[in-house]
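Look at the two complexes coming up: chain A is in both, with chain B in one and chain C in the other.
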Partner chain A sequence: MSTLKPFLIRTLQLMLVLWAVVTILFLMFRLMPGNPLAAYIDPTFTAEQQEALIRQFGLDKPLWQQYFTYLGNLLQGELGYSFRYRTPVAERIMLLLPNTLILTFSSLIVAYTFGILAGAWLAWKRNSRFEAAALPAVLATRAMPEFWLGMVLLAIFSFSLGWFPAGGTRSAGTSYDSLWQLYTSANFLSHLFLPMMTLAIYSQGLPLLLMRSNMLDVMKEDFVTMAKIKGLSPSAVVIRHGARNALLPVMTSFAIAVGYQLQGNVVVESVFSWPGLGRELVNAVAASDYPLAQGAFLMIAIVVITMNLIADLLYTFLDPRISHA
Partner chain B sequence: MADTLLSIQDLSIAYQVGALDVVAVSEASFDVPQGAIVGLVGESGCGKTTMARALTRVIADNARIAAGAMQFAGQDLAAMSEREMNNLRWRDISFIPQSAMNSLDPVYRVEYQILEVLRDRGGMSKQQARARAVELFEMVGIDPGRLRDFPHQFSGGMRQRAAIALALALNPKLVVADEPVTALDVIIQRQILDQLRSLQRDLGLSVIMVTHDISVVAYICDRTVVMYAGKVVENCDTATLLNEPLHPYTMGLKNAFPDLQSAGTGVLTPIAGSPPDLIDPPKGCRFAPRCPFATELCRSTEPPLTEAAADHHVACHRADEAATLREVAQDPATWGTAA
Partner chain C sequence: MPDTSVKATSSGIARIFEAIKLPVGDPFALAGLIIYALFIFTAIAAPLIAPYDPTEILYTEDYDLASDLLPGEEGHILGTTSLGRDIFSQIVWGARSALLVGFTAAFMVAFIGSVVGLLAGYFGGRVDAFLMRLADVAFGIPFLPFVIVISAFSEPSIWNTVIAMALVLWRDTGRVIRSQVLSLRSRGYVEAARVVGSSDLKIILRHITPNILPLSFLYGSIAIGWAILTEASISFLGFGDPDAISWGFMLQDAFASQALARQAYHWFIPPGLAIILVVSAGFFISRGYENLLFPKLGR
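Here is the complex of A and B:
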């Protein structure tokens, strides 16, 4: 019972935040300069044709009425039609979302695995010459812009060495029976490698520095001193009592990092022509494809908000002081 | 007198602070007899906790045992390799920390933390360890049903009892208790001290009880070592210490705490001033600047720790006048002018 109530409260908050996002999105696109149909309507259309189209999209109605139509459609999972593709936005988004999620999660898993281990290692090597060299290097990776890092990796590993393909998710002309076969194929994975590494290099700094500073704090805690006084083996002291406790905030930061990573995706997907939500968002905005841009924004917002919820829940799961209060 | 379990000989422990060495414990010597509770009493910063931790050889990174020996059951703890020492930790010497809240790992159940010691250090099987954990909880008066709780679900008193259970897990020869009841209210303090006393008697343990509270010493300790500014200033059995203290600092400490035996009518008299800076300790007797009885000799020459009476060690130039000084020390005015 005690674990269910905070979950319900969180879910309610999530719905509220989502509603606010939806409203802001709606208003943002209505307040943008220019006619939303400008890109859709051919200049050769007659005035009647134009008006018919405006009516068809419901743009002749008052704003509040459009707003409720929009909300009503959203509740039914209806995101409208893309101006550019003339296909349902939801369909388009569902096609691209897996690519974005695969890129995001694979890069974050690499970044966090490396960051956690290296951070703990650096905490152990405190005040060493190794640390003196490693810390500035980590800070440098944090400071590098992702698009720049992406282009450098492209230049070296794709154009110069030819080890990895330069863009897309698979070589031209290849096809697979199922998505699962595609995602597990060497072809797909070799395409994934460079964009994933770009994002991973960019994002490993946060878990690394967080883990390191947490370890340094935790290793000063009384229970770690007690573990030593108990004569436990150094690995039991450092891993069982040190790292286990230092890991708590790092795990929550993972969920929050997914949100940040989606921002990074917008840039990196464009650099590597990765057909994901981020790249689609950029293209949709450039092409004034408002329904698609709105849908992509909404999807990203949903992922960020959901991951924040998971971050909260993860903490209650990992820290008995919260779940067994 | 019983056999000596632990003999501390001219032990010095220094902290390196910048380029300076701060000697927190300086040439301390005392014995812990088999099966006795020995109090280690003094103000904050007098080196008593440093001394207690030195017995486990888990000391601060910038601290080191600079000189001396700790003869424990025929071996010198100070000279042992880390490997030998680690083998002896908890099996022979265990530790009860001051803050049991922070010394239990918050992410593991209490049972796990007891089993960890029993299995990793005691080599028990899971079944044996489980049974022993129940036995230990019963021993310290906690419902074994609470074993599956997390530390934060325990009250302060229960955590302290759990810490005692943990310390007794492997039947150690010596338990070092660092202010084990300081964080608790007086009722619980008394319960825990009673428990510790009876367990100590039943199990024939030796205990070093670090405390700043002379009433704890009076209540539970067989012998008492008084420390001041890193030095042992007086060391004898507790009754003698309380009735016939030889060192003016002990006399002052006694005045500064409520007397548990009398009905609390006495006025509490603090010792004016504070302990000296150990970076630059005073020449001569370290207590001289605060001592109402200090002479020129006290200020220039450090008094050695000598056996002034049978089994009664004191470091004071005027120990032979102690009977007279005790009379004067009872007058609060004596201490009022010392500042």
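Here is the complex of A and C:
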């Protein structure tokens, strides 16, 4: 099976990268100024709690031993206790992960749907006055600070017009029987709308520009010329022969975009008080809740690395013109 | 790819300018360069342009705190903040922070990326394998969270933020320059230099580096934008240098002072527009470079 080999090599490389990032994370939180115990132990923990954590993470041992204990604990999903919540970090992170993923994927689906259509449209309208105005506008959306866009939307649609709530995931005092009921409730969706649009407006530029330039490339290829010679209508040529082939690289960029989006989430979640991983990371860092900050960072890194791998594999396997070497 | 080699006859500064190839022919890039010129001028002449010290707490003629003034009131062009500071002066001084962050970060990114790319591409083998795995790791680090953690845990200063950015952002430049060096290495004039016994260092500095400089500048001009946006995010989240007036700091100040709920658009719209203007100018210039370096993409 020659197609399996590149898959294995890439996966191995991914494990190597993950190990390196985990090591960097260990050093980052261990080499900071202050008590080396501070990475896991808050002075207000009870004596027994402190003892237990010192034993679990080997905090009285030399650094290299701590490192192996840390790796062993990670493999078991053991991330320590949050200083502020007094609960296991892993539990807290799993609680917040769905909120971040919902925000990320909903905004990217909106961004890619719009970006692909608008990109194809712009390629179709090539050299028009419309294109001349649209391109700088698209570039400008890529130059916006995401949190600023969020602030502007918040000021207009929440504070001025009152159409949408200002933050959180649901109104105070509401409760739902299941997560599914919560996520499909009008209450939740109205809270989701503004942060989602913020991220979508920022993200649509990438698929749009990619789609446009791919379309322009594809329309020059022989099979498109052939289709024109056969006498197919312009719209049939563009949609059936152009767009279908231009779409592939755009779709593979989706995986990379998920990774980038998670980083943008950090600021946008903070603007909208959206209880996700990014906002938790910021709050944990600000409050010196080191175990939680480490855990949130690690979770984001895992998603970024996995998405890089998926993009890589999609690119290799879906496009037959790229060799598997 | 067009041959970007430099004529050996020109000398000194002229040669550098020729090597950078400022893309003045492209209308996008020209617009970007003009914006940059204004931006740099504002940053340098900030004390002359700004009517007030950006951190000074101002009072009205009746000795009241000059807080939350609207644009035009008491002669404040863009009004004042809740603490009674002049918004227009903060915008002007913010250009200085942005210039400092943008250009130092871009320089470091372009420099580290070029050196890594040169070494990996020229020496190949284990050096290449090691440096490219290092780039893989840099791609695996979540950029903004990394900069947040470094900025928060070190002394709050613009430089720590800049260094944290450079530690990650060199990755794109490094990869692209490496592949460019790979193709240059087998060119005739490089082979010829090797045959006549030029040292590796001399070949790299004299024959290869001049040809990758435009690419370094392309990635540098993209990094300026990234650096300014990132610094703004860091300041907005409250991990920035508390002594530096930056556009990100202004936005954080406005956000924390409930400017949104009070509809104080004159406070938080201008810093955002300033960032967009400068960052998109960087994008426009890099587009001009791309058209120049890769004419196939130019449309």
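Here is the rule we use: the second predicted complex is superposed on the first by the 291 of 325 C-alpha atoms of A that agree within 3 Å, B and C clash if a C-alpha of one lies under 4 Å from a C-alpha of the other, contacts with A are read in each partner's own complex, and residues count from 1 in each chain.
In the analysis below, contacts are C-beta pairs under 8 Å (C-beta built on N, C-alpha and C of every residue); 3 or more make two chains touch, one makes a residue touch a chain.
Treat the numbers as computed from the prediction; the structure is a model and nothing was measured.
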Practice item. For A:R244, decide between first (touching chain B), second (touching chain C), both and neither. Key: first
Check your understanding: Between chain B (first) and chain C (second), which, if any, makes contact with A:A20: first, second, both or neither?
Key -> second
Exercise for review: Name the chain, either chain B or chain C, that contacts more residues of chain A.
Suggested key: C
Exercise for review: Could you look at A:V304 and tell me whether it touches chain B, chain C, both or neither (first, second, both, neither)?
Suggested key: second
Exercise for review: Report for A:M226: first if it touches chain B alone, second if chain C alone, otherwise both or neither.
Suggested key: first
Practice item. Quick one: classify A:M215 as touching chain B (first), chain C (second), both or neither. Key: neither
Practice item. Would you check which partner chain A:A140 touches, where first means chain B only, second means chain C only, and both and neither mean what they say? Key: second
Exercise for review: Classify the contacts of A:A155 with the two partner chains as first (chain B alone), second (chain C alone), both, or neither.
Suggested key: second
Practice item. Considering only touches as defined above, state whether A:A236 meets chain B (first), chain C (second), both or neither. Key: first
Check your understanding: On chain A, what residues does chain B touch that chain C touches as well?
Key -> none
Review point. Of all residues in chain B, which touch chain A in the complex?
Key: 56, 58, 86-91, 94-95, 97, 99, 102-107, 109, 116-117, 120-121, 149-150, 152-153
Practice item. Could you please specify the touching residues of chain A with respect to chain C in the complex? Key: 13, 16-18, 20-21, 24, 28, 32-33, 126, 136, 139-140, 142-149, 151-152, 154-155, 159-160, 213, 216, 259, 262-264, 266-267, 270-271, 278, 281-282, 285-286, 293, 296-297, 300-301, 304-305, 308
Check your understanding: Which residues, counting only chain C, touch chain A once they are in their complex?
Key -> 28, 133, 136-137, 139-146, 148-150, 152-154, 225, 229, 232-233, 236-239, 248, 251, 254-255, 260-261, 263, 265, 268-269, 271-272, 275-276, 279-280, 282-284, 287, 297, 299
Review point. Which bits of chain A are touching chain B when the two form their complex?
Key: 221-223, 225-233, 236, 240-241, 244-245, 248, 318-321, 324-325
